[in-house]
């Protein structure tokens, strides 16, 4: 029985007097995929950053792959892979050097081999020794995905990964994310694109004013109903 | 919301300061005897020296509130840091203005490369830079955190800079001698004491007042942000 | 599959910075050119009048540390730039490593880059200003350079990160770093002057001791507070 990818209870986080998260409970089983929806300012980004251990919650408990975020912070961070809008790459290092650096920094084993394999798999083998800055946005996003996966994380967090991608690049990324492999990490994707979100997840939640206000299973959910939930009148909390 | 206890303290502080200022002016201008060599302009010394001390006092407050902010992350400590920074800046500027005003008629030079003036100049620059960092930060929490780290480094630095310049100046003895404690008459010492106490009270009052306005600003900002979230 | 420990992660970060530098020569080229410009302009500044009386041994210590001070600002600012483009600083923060190790790694890289700069700068300064150094004096000079440059980098790396977080560059970094580093610069100039005048280093032990104290103070302060700079 493996540990849940995420086990979070009563997460709160405030910035000054603003309460961005007002008590979020979340449990993500091993291998499960979740879509995170919500208006800007609803706490979506904050929640994802807290789950990604980029932000500490003010209260509540959080464990990633069984590692407590406070007591075993470094091990917990090692289990996470992050893909956001920034490339998180060094433009002047080659694709391979980027993966090697980030891989080693995350404690990956067999870094060289894994880097080559990932580059091959994501169609970036030709750019292996080229500086990362020559890559187009779409290719760079793929390299960023490789960076997120190089250390075999238990949890992959995607923060609006389709931002700035042209339809072909978006398609290419979607195809790679949709693949279900036995060693694939659990995943949370935060996105405004409801169709993509539903296609890439097993279930979804909607964040509103710092709390989860709606949820459902992705299969069989009509995107329109999610859109409706977005527009639901704000409840006083 | 101030409780009656704080109101009483604030009132006492205000009253004490209002009483102390004329006392200081009297002590410096009338009570203290005129210095033989430098003449009347030497009286600026009674404001110059306490201003420097009080600038350092404000930095000590800054150091404390910076450390507490990093530990507790309550913005009120950042408000206190801001107040301490600005008040320290005011008194540093006073030192840097009164210094040359005193030096020129007394010794014929506008500027002297001695420990107090240089350390104060360094402190002034660093405090201004800290305010800039606050302003440039994209959000309040980041600005507060970075300013807190700077508060700690600045406080540590002021001491080291002062010592270093003292040593360095010791290698290049200047012609003049400041009113060192050894050569000072009792009336002068008393005047200095009165002025020090008054200026310290003034400093505490200013920090307190600035802190209160900073708290109001912070609370208003947060209310505005919260309303913006709720509204459509 | 364990996250790397302190030393390993520092080493990884340092190596990455050096690799970046190797591929672009970005830092070294901009800071080296700038340093030569400083030497040049200083030459004009001391061209006439009383400065003619000064020997190379008198001029080199001052101009050397002037050039090192400003070039280090340029160099450190440039090296923080490399983290700006891809927002890699936040990725470093999220890595399973001690945040102090990130600081240590960047510090090591900055020290190596500064050393590479000094390797060129010192002979140039000696040549431009007609100074000379007898045999063992070179070793003494290296010791002085190492001791004071380390502190410059230690403080500079911390301030560089702070300035980078608020999206600013060299000007703000210089405003923070140079006044704060006054004790180091004074120590550097005094000790370097002693070396060039053929004095034993024992005459300046006090200064070297202070430089060492400064180095340690800010190294540990930065180590402790770096994670607050990277946060969020």
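Each chain carries a letter (A, B and C) given by its place in the written order, and its residues are counted from 1.
The rule is short, and it goes like this: a residue touches a chain if its C-beta (ideal position, glycine included) is under 8 Å from a C-beta of that chain, and two chains touch if they have at least 3 such contacts.
Just so you know, these numbers come straight off a predicted model, no measurement behind them.
Asks: With centres defined from CA atoms, tell me which chain sits nearest the overall protein centre.
Replies: Centre-most chain by C-alpha means: C.
Asks: Compared with subunit C, which chain's mean CA position is the farthest off?
Replies: A
Asks: So how far apart, in whole Å, are subunit A and subunit B when each is placed at the average of its C-alpha atoms?
Replies: Going by mean C-alpha positions, subunit A sits 48 Å from subunit B.
Asks: Using mean CA coordinates as chain centres, what's the subunit B-subunit C distance in Å?
Replies: 31
Asks: Counting only Cα atoms for the centres, state how far subunit A is from subunit C in Å.
Replies: Chain centroid spacing, subunit A to subunit C, equals 39 Å.
Asks: Among all residues of subunit B, which ones touch two or more of the remaining chains?
Replies: Subunit B, residues with two or more chain partners: 141.
Asks: What residues in subunit C touch two or more of the other chains?
Replies: Within subunit C, the residues that touch at least two other chains are 232.
Asks: Per the contact definition, I'd like the list of subunit B residues that touch subunit C in the complex.
Replies: 70, 118, 121-122, 125-126, 128-129, 132-133, 136-138, 141-143, 145-146, 148-150, 152-154, 156-157, 160-161, 163-165, 167-168, 171
Asks: Spell out the residues on subunit C that touch subunit A in their complex, using ranges where they run on.
Replies: Going by the criterion above, the answer is residues 1-4, 9, 12-13, 16, 19-20, 23-24, 26, 82, 85-88, 90-98, 232.
Asks: Once bound in the complex, which stretches of subunit C touch subunit B?
Replies: 155, 158-159, 162-163, 165-168, 172, 175-176, 179-180, 182-183, 186-187, 190, 206-207, 210, 213-214, 217-218, 221, 225, 228-229, 231-232
Asks: So in the complex, which bits of subunit A are touching subunit C?
Replies: Contacts found on subunit A: 52-55, 74-78, 80, 82, 84, 86-93, 97, 101-102, 104-109, 131, 151-152.
Asks: Taking the touch rule as given, give the residues of subunit B at its contact with subunit A in the complex, in rising order.
Replies: For this pair, the touching residues of subunit B are 75, 139-141, 218-219, 221-223, 225-226, 229-230.
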